[in-house]
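Here the chain labels run A, B, C and D in written order, and each chain numbers its own residues starting at 1.
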Amino acid sequence: MTDRDASAEPDRSATDGASAIELARRCDNSGRWGADDQRGTLNHITPDVVVAAAGLVRLGVTVSLAKPVATRPGPTNPRPAWHVMHLETERPYATADSIHLQIHGLANTHLDALGHMFLDGVGYNGRRAADVVDMAGLRALDVAALRAGIVTRGVLLDVAAATGRPWLEPTAPVTQADLEAAEDLAGTRVRAGDAVFVHVGLEARERVQGDEDPSVRAGLTLDAVAWLHARSVAVYSGDCIEQFPDSPGAVPMPLHQLGIARMGLVLLDCPSMTELVATCHRLQRWEFLLTVAPLVIEGGTGSPVNPLAVF
Amino acid sequence: MTDRDASAEPDRSATDGASAIELARRCDNSGRWGADDQRGTLNHITPDVVVAAAGLVRLGVTVSLAKPVATRPGPTNPRPAWHVMHLETERPYATADSIHLQIHGLANTHLDALGHMFLDGVGYNGRRAADVVDMAGLRALDVAALRAGIVTRGVLLDVAAATGRPWLEPTAPVTQADLEAAEDLAGTRVRAGDAVFVHVGLEARERVQGDEDPSVRAGLTLDAVAWLHARSVAVYSGDCIEQFPDSPGAVPMPLHQLGIARMGLVLLDCPSMTELVATCHRLQRWEFLLTVAPLVIEGGTGSPVNPLAVF
Amino acid sequence: MTDRDASAEPDRSATDGASAIELARRCDNSGRWGADDQRGTLNHITPDVVVAAAGLVRLGVTVSLAKPVATRPGPTNPRPAWHVMHLETERPYATADSIHLQIHGLANTHLDALGHMFLDGVGYNGRRAADVVDMAGLRALDVAALRAGIVTRGVLLDVAAATGRPWLEPTAPVTQADLEAAEDLAGTRVRAGDAVFVHVGLEARERVQGDEDPSVRAGLTLDAVAWLHARSVAVYSGDCIEQFPDSPGAVPMPLHQLGIARMGLVLLDCPSMTELVATCHRLQRWEFLLTVAPLVIEGGTGSPVNPLAVF
Amino acid sequence: MTDRDASAEPDRSATDGASAIELARRCDNSGRWGADDQRGTLNHITPDVVVAAAGLVRLGVTVSLAKPVATRPGPTNPRPAWHVMHLETERPYATADSIHLQIHGLANTHLDALGHMFLDGVGYNGRRAADVVDMAGLRALDVAALRAGIVTRGVLLDVAAATGRPWLEPTAPVTQADLEAAEDLAGTRVRAGDAVFVHVGLEARERVQGDEDPSVRAGLTLDAVAWLHARSVAVYSGDCIEQFPDSPGAVPMPLHQLGIARMGLVLLDCPSMTELVATCHRLQRWEFLLTVAPLVIEGGTGSPVNPLAVF
């Protein structure tokens, strides 16, 4: 581990409840990329990072990381999306349809805009909710600010595999140490501009054990979020977010509150991980070209997406 | 032009109305990639094509080809999309929203599924509309069959620039000769697996002349569609489709009827071209890595998308 | 039964499958109220009928016959309605929301337009589906043609109570004889312009036995539908429709096919009956003023409604 | 005017801005019908009022007061409703569709729930917005609390006709004196439980002068709202609401803020008045049976309706 830049490591003691505020201050990227910046950690994806990521495409194999748009109700989907086939009476004969879906929740794969979350009334880059949130849509930090999409290196951090188990329990914390163990397994170091995909085995567990109570979930601890900051991660994704139920304390949802609202960290929620994990293990490759392209919803707080991993 | 494979050229005389049926027969890819194939011309995108396309990324510059989701009414948008900001009363403070949009039409950038169009009751790969089209969604040829997305070389064919004008008139045909002139301008040859983007200057014309009657539009002729087949194009896109109003004859909508329903050609409708064209001219590069990732709408006839061009 | 007009009685033998076509011919109200009529059996509600119905209001007691808009999924509600609270940021402080629902199905109380059903391609008053059904909505026989609503006498026909049971079994037929037994119980005769509400105890049965398979349902037989015609009923409603699964034969759905498509009978689907039945039994009154007011959806095939019974 | 109960008259001097707060206190119906009441002024509609209203039905003539569901964009309809015809592939052949609409605004005829408006954070019957307003819907004062609907006397107050003009100007105030002049024209006195329909000629003016700026509108003054309270009106409706733009002062929207949030006054917004006014003038009758039946949207802030006037 000599190649680690020690100065980049967060102080683990800082993750005590009492010092969450201090941590928030330390992770705050406000002003880092200019007073008007709305792209947050995507700024870590420099042109060099993009070019290097494209260089990872050696086999021409593509894997979709999207779940199907969730039109059926279930424990994680109380308000199913509508997909309606339209009557078409004009000729020549075409088919047409429409969709109605909510952006967030636990059912659809989606990208969070930076204006999705605020902490103490303030979001990324010092934007106040009172100034930004409007009934017509976000006046800033909307998903349209991310319209150029994400093209970067993706790295699978298979935390479950690193522990030797198919999945973590629903109550498990995911710590900085877990992430680093998964890094060792992957044989690569997470670096500036990366999109990390953390795997705790949720889909595998649900396949075996059935649908679970979505209010109890494994997830990242404060120190793990600080580690994402220290490593200059551009995008966080995976089959876990924060621990549910929320931790007590000043920052109950560290990934959303420290991540989105202070770091300007872009979250890719609810990816489908199964095929990605199988492909990585099969190819014994843990890095790939990732592309994510949100719909350009002006004022939108996020977008459904179909992220692609290309090997 | 000695590097052209003459055998790949369509017989231009075949484009007379009388021989449209013969042309449809000749362009038919039914069975070409197996009786169960649902991906049509995306099969032209072999792993080698993907790897080569990734090699085009040299600058790390990304351009979005998506129009904003069209929530405002207009001549091309009689049924505007809804974007609704949701009331959120739980803490910590998050914002959330939903969208409701129709897939097709002239307002939103979208990818057509192969089951979007049928000719004489039969679609790509011999699938009958009566077997495939269901009130719950397409039973086959749906957009979910394209879930692995598109990663390939994109080529800008700037037909307007090749004629020396900023735009073509609304009544202009776009012929094989026009496409080849644009090829010459680009200094590259369209080849198997490419995604072509034809530019006739619609956006520029509308910026200057105001909104136009969307029922009169420049577009591809039958012979141009046959040329796409001859060149084994994987994806057609651009600021024109067929000529509107429909041509008389057996195949009034050649791109949809020959293209989708016989070739299994994947259409990327209504891209935003302005920034792409400007970037190509600025960089004097007409090829790029293209990624398109449709939402996984099971049974869906298409999907809104944000295509990315990476240079 | 001496006050019955024998000539108004249907020939029960006519209800054999073989004579369903003849029955359809006999029940056909095409042309009865003019070639352009779009209101069907609502024409039975003459001004005198309206005035007499208003005279039934003696207690000033109103009962709603609407189920709540069904936003939760269930066996009869595979595509739940959306009710979304909107973010409001303007002052003064108001709340606002939107609804998205499908008109038909088994979950929401709704009125069928006469263009909701066709038999052999022809609907009420000789209208051909090919002429009337358009992707933009019904060109005729739409629910907007019923915009003046329904104000008439409602009569509860408590078929379950007439048999001495709290409910009929899911497989039970409801015949002309059942309707007449319920008439005897009610002490009134169904007459021209009435809205009948047939009660077989579905809600009571489901409260006790839980949600049922909605594909097996008690319902009216052909002869019962012919009786509605003979009595010049204006509106059919109740907790049963036809028998499900469909009967074999030429007219598997007699209430929809003979009723809507030939008689021009207006159906009020999925009313909430429990409070109405309890009120009728408590007051020992089986008739009341009924008002039903569909939303004016131009081109619409029906409308959600909240029918009111006033005693 | 000797039959007027002088004690019921509001003190006109109280309508000065300075005394709006005092007026709000005086009009406050909190506790009047019990601490749990959610029906507000509908409590004025006693059984006797219902029976008397039914007695107004003498001709059997019904007039709809609903505008068509507004699916086309326009100055008062920036987010048009969707009406979508569904593809139906099952047999026998039926048509089906869905609607998606927002409850409030200036385009669709709708009934306001009492939880639609709050003043200084407090709504009708002392309910605090913080307790009542939830992302899942109103926890109290929702439109489902009005599910039994409205059956009462309607009275047309033709303010325009009383001034001898076809319409008032967009900037006109509508005062207590205007309402009383319209009463004189109608030859009846507004009394407890009535639904009043104020007519200032908006539709006639727009037919002649074209669509208007909806931000400038004639409307009721504070003293007119106090008069509604003094007369124990149950429902306010008409082609004007408050004056737009909002008046300066503590109560800029008197009908919403005093009316809904203090009196618990039920507002029926955006009725179609033209046919009603023509019918009243033709019959020389200004009173009628009114029925309004909101959809039972649990948690809903209002409902689209089709109010019926029966003469």
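Keep in mind that, in the parts below, a residue touches a chain if its C-beta (ideal position, glycine included) is under 8 Å from a C-beta of that chain, and two chains touch if they have at least 3 such contacts.
Here the structure is a predicted model, which means the values were calculated and not measured.
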| item | value |
| --- | --- |
| Cα-superposition angle relating the copies chain D and chain A, to nearest 5° | 180 |
| Which of A-C and B-C has more C-beta pairs touching across its chains | A-C |
| For chain B paired with chain C, centre-to-centre distance based on mean C-alpha positions, whole Å | 48 |
| Mean-CA-position distance for chain B and chain A (Å) | 30 |
| Inter-centroid spacing, chain C versus chain A (mean Cα positions, whole Å) | 51 |
| Multi-chain contact sites of chain B, meaning residues that touch two or more partners | 71, 82, 85-88, 95, 98, 100, 133-135 |
| Category of the chain touch graph - line, ring, star, complete, other | complete |
| In the complex with chain D, residue positions of chain B that touch it | 71, 73, 79-80, 82, 86-90, 100, 133-135 |
| Chain B residues within the chain C interface of the complex | 82, 84-88, 95, 98, 100 |
| Partner chain C, residues of chain D touching it in the complex | 46-51, 54-64, 66-69, 71, 82-83, 85-86, 92-104, 115-119, 121, 129, 133-138, 144, 147-149, 151, 252-253, 256-257, 289, 291-302, 304-308, 310 |
